[in-house]
Every structure is written in structure tokens, then in C-alpha cells.
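These are the structures in question, set out in turn.
In the two complexes below, chain A is the common chain; its partner is chain B in one and chain C in the other.
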Partner chain A sequence: MKRAPVFHGETDLPVLLPAARRLARRAERERLAGGPLPRLKARHGLWLLAILLLSAGVAQAQADAQVKESVITAIFKWMPVLLQGFIFNIAISFLAMVIGTAVGAVLGLMQISLLPPVRFGSWFVTQFFRNAPWLVLLFFCMFLLPFEFDLGFATIPFPDWVKATIGLALPVMANVSEIVRGAVQSLPSGQWEAAESLAFSRRQTLWEIILPQCVKRMLPPWMNLYAILTMATVLASIVGVSEMMTQTGRALAAENRPELLIPFYSFVLICFFAYCYPIAVWTRRLERRYQVKL
Partner chain B sequence: MARWMKSLAAAAGIAALASSVAVSGASADAISDIKGRGKLIVGVKADYAPYGFLDSSGKIVGIEPELAQDVADVLDADLELVPVVSSNRMQFLEQGKIDLMIATMTDRNDRREVVQIVDPNYYSSGTNILTKGNFAKWEDLKGAPVCGIQGAFYNRKTSEEFGAEIVAFKGTAEALTALKQNRCVAFVYDDSFIVSRLGDPDWEGWKMPLPTIDDAPWGLAVKKGEDAFAMLMSGMIVKWHVSGRILELESKYGLEQTPFAKKMHQAFLDFNPSIER
Partner chain C sequence: MTSPDPTWTPDQPIIQCRDVHKSFGQLEVLKGISMDLMKGDVVCVIGPSGSGKSTFIRCINALTPMDSGSIKVEGQEVNDPRLDKLALRRKVGMVFQQYNLFPHKTALENVMMAPIKVLKEDKRQVEERARALIRKVRLEGKEDSYPGELSGGQQQRVAIARSLAMRPDVMLFDEVTAALDPETVKEVLVTIRQLAEEGMTCILVTHEMGFAREVAGHIYFTDRGVIVEHGPPATFFTEAKDPRTKEFLSQIL
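Presenting the complex of A and B:
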């Protein structure tokens, strides 16, 4: 009897069939498409746009069309203010990611140190910041850091958004630390043993064998973290940083027209979608390329 | 061995976290600081039309920014406005990040312990509700959902004394939307704001039926210990009351003239008639 070929994600054993079928269907589609299919699709952005236009339309209907300017005009009028706020969001996310990655990488390597105090210390810091609510860390940074540093000869100003950046860099740091530790530990111990048998020192093993293999494993979760961080930057609005969410609230307060609420917040959604969507696509692509093959 | 090392590491970690910096800008005297840098930095609201709000170019305008400009003119300095919110305005003043705070702050004793609130008060507002329903007295709100703004001090009173169920929102736009969507029967807020809404054709048929309660004065504040600057600000406030500047700004921004501003204008006219001569 000729057996049907068993494809990836499919099995002739009665285990986890529903998921296997779904995965197989997906793999089939991706084979046809010749590449990975992103789960977040561009049409989601179109939906958001549709929501914006729809809400604008509804708001328009509610408003007295003759007396008041149209909702689209209002958004257009406030766009420079809102986009200026959005630049803040991006700047905060970017800087927080740079700082968090730099410190977090060191912390992650400390977590695999052979010295117990270093290992436990970094483990404690990592766990502390990883399990603390982001907003609480943000509040601490806002109210405990000074607004300027007096160095005697010069005064370095320390504006709110820089404090928010530091506040958001702390949880990023802890998460990067865990990403690094996890990536190193996910490599099979054979890599270490082989390196040892070839008389590599620990440092050589780490730098020349382990970490190069880790980079590609860390990239997708690292980019996911960035997308999450970007969306978390709106938390800074609660502590009074003039980012997009804050500016939207202020614009709404100045306009004093309740019907503008949904269109304005939809506009914020679209801005964030337009920024995060390409990152999501790129992450999927990298995940696909660096799929673990051992 | 391993055990004490573990606790040592934990202690070191905690110590590192706890050693938060507590530096603040050194300032001997606010007035000489302001003159030195040629710039007066004032904390104002940016989300509270018409007292302080953004115009579409992103600039902060409104009644309080105009008052701040008056102070800057007197000090012959440039004006820098820093947007503040209720939760950070007193901290900014304490840290020295702003020289002066004119940010719709109700004058309360517990706040006087933290910052130096300048006498006399420059403004006042009470609490009332915006509603379509029939309420004759505050007790009628018992059990009804009432919209409010997060952090407003009268939320507690409205819920505890009168038994209303407060639904708190971030800003007035959100709260008014909820009100129009019937998610609450009334909106509890400053009476001057509600009066300004009632003039708007959008709010035809809405009313402010209850007697205003908690008519509480607003205080502008300087950092604790800045006595000279506080004296100067006292003079500024008296000048505003004498000249009717507050009344003029209320009219300019479409508010009804409040009884408090009228009363102060009258009181100070009698008090210091030489200005009018």
C-alpha cells in the first residue's frame, strides 16, 4: 500500500491534529506566496482608516455643518501639533531602546557569569525591573530624578521626556537581559563542549562561538520588544510629557467639541499603526530567515 | 557561603535602586534668578480651556498665560510657559523647574504646607453639574452615575456625601462625550466651565440646576521660602483686582464674569482708591 507523503506540520498519528492542520494550511499558503505571511496585515491599517473616516462622518453629521469647520479640517489643523508629539514618541522609544539594549546586554551576560555574586546580583536586578509595572517605574523616574544636573561648571538640563526615556529604558533593559540569557541558554550544550574540546577559553567561546549564534535568535524578540515599547510610550502622557497622546488631549480640550474625540484618537491609532506595522512585517521576515535549524 | 553572598547581592541591588538622586537646582532668590537668566518660567495648564489651552500652532494661550505675561512684563523678562498637570505642578515648583505656578489650583491648607500660595486669591470657582435631568438638590444625585475628571477633589465629596457614582475621565472632552452618550446623567465640574458650555449652541437644553457648592478660591504659588517673590506676586494680584484685569480676561475668553472676580474688584477699589485716580 502506498502511503500518502507526510508534509511538514502534518502527521498520521492522532496527536494535536487541529493545530497541525492549521499550521499545514498556513505553510501551504506561505509556500504559494513564496514568503512568510505577516499576521498583522496592511488591511488592518485600512480598517483603521475606515474607522477614522466613518467616525469623522458620524461626527460631521452630529456637528452643525454650517457653523463649524469639518472634522477633517480640524484634524488637518491640529496635525502639526499632533505629529510633533509623535516625533517625541519615536524619539523616546528609540533612545529608550538604545539605552536599554546597551545596559541590558551587559546585564544579560552578567546573568551567565560564573561568579555567584555577579550572577545573583544581575538576576535580582533583572527580575526586579522585569516584574515592575512600567508605569510605576515611569513615575519613579519622573519624580525622583532632578530636572537638571549641576556639575559645578555647567548645568545639564534634564527635560521630562529624557526622564521618561530613562523610565522606559529600565524595563527594556531587564527584558533585553532576559533575551540575552535565554538566547545563550537555548544553544545546545554541545556547542560549549565542542569549544572546550578545541581548547577555547571561556571568553573566546562566548565571543566567537556562542554570541554570534545568539544574535540571530535575539533579533526577532528584540524587535517585538521595540514595537511594544513604541506603543508603551503613550504612558508618558500620564506623567505630563508632551507626546502625541498628551497633545491629542490638549487639542481636544481646546476644541471643546466632544464629537472630535473618536476621529482624533483614530488618527493617533493610524500613526502608530503606520510606524509599527513595517516593524512587524520585518520581524516576521527575520524570524523566518533565522528559524532554528539544529 | 553561597547564602550570605546571595543576601549580599540582594542588599547591593536594593541599595543601588534606593540611591536615587535627590539634587535640586540651587536658587538663592527667585527674582534675581529670573533677572539673571532674563526669563520667567511659569507652569500653566494646557488642557483646561479657557484658563490654559493649546492653539493650533501648539502655543499655550488662555487667561492664565496672559496673567503670566503680565508678570513677565513687570519683571522685564521673557516668558516661558511649561505645561503642568495636577499631579506634577507642585513637584515642579519644589524642584525649581518653574518659578511660578498659575495652574487652576484650589487653595487648600495641605497644599500651603508644600508650596507658598500667594495671598490674596486671584480667582475662585465652585462645583456644579451639567445635566439634562431634573435635579433640585445635590442629594438627588444619590445612586446616579455622574461623570467627573480624574483627580478633582470634589469627586470624593460628590460620591461620599451625596451618594453619586463617579465615573472619572482623563479630560473634559472624554467626560463630555460620555455625558452625551448617556453613560452618566450629569457632569460634575467647575461652575465657570459649565457656564461657558451653556452658552454654546451644542449644549442647548442642558442646564446647571443645582446651587453651587464648595466655592473655593484658586491660589497661584511660588516655591516655599521665596518671600520676596511672593510679595511681588501679592502686589500683582492686587493690581489685577484693582484694574479689573481678571474681569476683562473673563470677557475676552467668553466666560461670564464670576461673582468672586467682581467682588474682589469692588473690594480692592475701596481698599486702594489712589490707583483709580
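Presenting the complex of A and C:
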């Protein structure tokens, strides 16, 4: 969508002059990128490092550190294993989001259907999964789904992580469904009336006029949901998937050094923070940007 | 679905309303409205707010379903469950108080959308016609502007062009100047007057008495769901008989 260019940083106000060049450069970069850039600064990283070092220091002080390797070395040693787990978390979150969004979008559209049975059915499914604890859904999928599907000619294996992904996709689906319904209903009724009076059919109105406008409204809550989902993927450790929390637990068990508990779990926290915080920042910016232009 | 009445000929009323009733819950907003329009007629419907003017014209293109009575557009009955609403709305254009342009499309795209998607016409021909319509409402240069970048009066003129792009036989205007500031009212009225002079059949719900007097061939005064009085503007404004009409006119003029 084309919009009138806003030239940030062009000013002749004396108070603003010191910052003008910096703002103009930034605006130029954003124009080239076609959108707002995350404003991650060195201090964000410093904070993270400080938390890590602090926790490491506390742990170090608790340990009798003569024979054993330092906490930092231990973290470095286990890092590949832990990060592998983290990648697994992200993969699960991605897949669950894709499945949840696809099914949830259909469910959301069914919620605005003109046919009462369709509308009521999808409303019920949405409410049921939206108001269920994620962990319970996860357990249900773990124990209800078979470990493989036999199609006669081929057998599809159903490992634990796939079941966990499906388990997490269910609440995502329900939330996406509500996001779609909410966005469609938040548009002024005048849009529907204008389309109707121009002889658009209901389907055309929805696809040509209503939904394109809804995408903007849906994006921030959808990204928010993704961040929440990513943080919820650690629930899969409870059902035995080898993601980051499970791997951390294993590493700690192998080391058998209580003073490593806090640094290791801090490392997990930092990984999630580093991944989810930019999403949160990005979401807030999109929200602010779309707020003005509606 | 009912097809257009084959027996209808242009010398019969293009719109024929008989005893139209409509209630919202307990509130009866239309208590038997009757009106005939010939092709090329321009009529204004005036009256206090809440008198059912808007509801009435929304019944004509089936945006609001009526409870009982009959409206025939080119002989086609609107109060019929088998009515092909889309066919009816291709013949009847409507412009709203709040413009209701599609904010994610440019002015030109707003005008082109319905003919391309609904009438499935060729894109290049539609674009040519759309550009001509935008010139007609005197907005050349604004083709690529988004509604958010246009003033209220400009948006309303795009909305008129958007309706005209469907080549309707009748145009309904629902208080199209009510949301505009006084300076921009005029530019919209000029556009409507031009349409009226070209012979477009128009029903205008309006509060612009001066404009009604100037443009309308016939004026209907509605109050509490009934047509209290009607007549040509020359006599309507000066020789109103009903006390309710007199009171309304004295407040407004």
C-alpha cells in the first residue's frame, strides 16, 4: 500500500537540530526497508549479559571452585545441546502456528457464516479450545493420538513432538478463530452496506473488501499469539519432548552440580527473551502504526 | 429468482411504492408509504430526524427488508422472497451519509471495483470509464489518492462516481451532505444537480431545503412514518397546508 512519505527528522527547530540528522538517517533506512526496524540497542544485549554474569557469579560463590570447571565453561560446553533444544522449540512453535492459523482462519470464517449450524458449531469449537488449559490439551493429544497412522499402503509415524505440535496448535487455532471473527466484526457496517448496494455478493464482499482490511487489524494480535505460543512450547518438556527445557534438565543431571541450576535456567530464559522480545517490540510498533490510519 | 418484469415499459413508473410498512421491534418507522417515480424524476424526501426517510430509501434497494406493502423497480417486485437482490442493486445505485469508501483502495480502484468484480467487464474499458467519471465529479488528479487522504466532500464525490460506474437507472442519496462541513456541501450538490439535469432518476433524502427547492421536481414531507404532504417545490414551500409541515418549515427556513 502506498502512503504519503513522511520525512522524519527534517526540522529547523533549534531544540531538535542535534537529533535531526540521526532521525533522518533512521527514517531513510526505514523507508528502504519498507517498514519500521527493530530498535535493538547494545544496551539490551548488555542487560542480558549482566543477568547471566550475575547469576553465574552467585553460583560461583556458592561453589567450592577448586577442582571443578567454571560455570561459564560448563555453559559453553553444553551450549550446542541446549541450543539444539531451542531450535526444536522454535520448530514446534512454527509448525503449531502454521497449522493453528490455517485451521483457525477457516474456523473464524465459519463463525461469521449465515448458516446457524455452521456458526454455532464453529463458535462452540472455538470457545471449547480457547477456554481449555494448554497443558491439558497437550496431555490429551499425547495420550489420545496413536504413535503411528496405518494407511494400509504406508505407515505415518507420529512421534511425540508431532503430537505436541498438534496439542499446541489446538489453542492457537481457537485464538486465531477469535482474532478473525473479532477483526471482521470490528469493521464498520457501512463497508458491508456499501458493497451490498454495489451488488457485490456476500462472498465477494468478504474476500475483496472485508478481509483485505482485516489483515492489518489481525496482524498485531496474531504476532502476540505467536510470542505466547513460543513461550508455551516448553510445556512439551512435561510430556517428554527433547526441547530446550528437557535438554537443560538432562545436562544438569549429567553435571550433578547444584550451583549450575540457576545459570543454566537463566540461559534458557535469555534465549527465549532474545527471541520473543523483538516480536513484542515489533507488535507494539505495528499496533501504533495501524492505530493512526483507520 | 424473479427476472425483471417483461411487461414493464419505460412509460410506466420506474419506481412504484404502495403502502410500505416497516417496524423495528415495537417501533413502527414506516406506516404506509406510497410514491410513484417516472424515469428522469428527481424527488426530495424531507422531514425531521427519525421520520423514516432513510429506512424508506433503504427499502427500495432491499438493504432493509420491508414488512409489508409493495415496491416495484422497473416492474420488479422488491418485497418478494425470491427477489434477485444483486440484479436489483445493479439497477439502483446508493450513496451514503458516511461515504463508506473502501479505505484500502485508491479513488480510481474504488470506482473500478464493482464493474470489474460484479459486472465482469473488461478492465481497460472500465478504467477508461472510471477516469471519465472521476473527471465528471471534478477530481482529476486524485485518482491515486486513498480515501484517507481526501476531504469529506471529495470522498463523497468519489462515492457518487463509484455508484455511477455501475450505470444504474436510479440513484438513491441518503443524506449525503449531512456529514460535510458547509463549504464542501456545495461541491457535492453541484455534482448531484448535474446528474439530475442529465436525466438521472434520483431520490434524495436531504436537509438542504434550498437545494431541494432548486433541483427537485417533487418534494415529499414525511413525519412519524407517513407522507404528510407533497407537491412541486413552487407550491410546497409557500403553500404548505398541514400544520406539521408548516412547523417543520418554519424551524428550518
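Basically, the second predicted complex is superposed on the first by the 243 of 294 C-alpha atoms of A that agree within 3 Å, B and C clash if a C-alpha of one lies under 4 Å from a C-alpha of the other, contacts with A are read in each partner's own complex, and residues count from 1 in each chain.
We take it that a residue touches a chain if its C-beta (ideal position, glycine included) is under 8 Å from a C-beta of that chain, and two chains touch if they have at least 3 such contacts.
Note that the structure is a prediction, hence the values are computed from the model and not measured.
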Review point. With the two structures laid over each other on chain A, which partner does A:Pro258 touch: chain B (first), chain C (second), both, or neither?
Key: first
Check your understanding: Between chain B (first) and chain C (second), which, if any, makes contact with A:Gln191: first, second, both or neither?
Key -> second
Point to revise | Which of chain B and chain C A:Arg250 touches, first, second, both or neither | key: first
Revision key, fill the gap. Winner on chain A touched-residue count between chain B and chain C: chain B
Review point. First (chain B), second (chain C), both or neither: which does A:Ser70 touch?
Key: neither
Review point. Which holds for A:Phe140: it touches chain B only (first), chain C only (second), both, or neither?
Key: first
Exercise for review: Could you look at A:Trp78 and tell me whether it touches chain B, chain C, both or neither (first, second, both, neither)?
Suggested key: first
**Study point:** First, second, both or neither for A:Phe200, with chain B first and chain C second
**Key:** second
Practice item. Could you pull out which chain A residues touch chain C in their complex? Key: 1-4, 188, 190-191, 193-201, 204, 208-209, 212-213, 293-294
Review point. Touching chain A in the complex: which residues of chain B?
Key: 2, 5-6, 8-10, 12-13, 16-17, 20-26, 46-49, 53-58, 83-85, 87-88, 91-92, 95-97, 170-174, 176-177, 179-180, 197, 200-202
Study note, to complete from the structure: Listed in rising order, chain C residues that touch chain A in their complex are 61, 63, 85-87, 89-90, 92-94, 96, 98, 100-104, 113-114, 117-118, 144, 146, 148-149, 159, 162-163, 166
Study note, to complete from the structure: Residue set of chain A touching chain B in the complex reads 64, 67, 77-78, 80-81, 84, 116-117, 120-121, 124-125, 128, 140, 142-150, 155, 239-240, 242, 246-247, 249-261
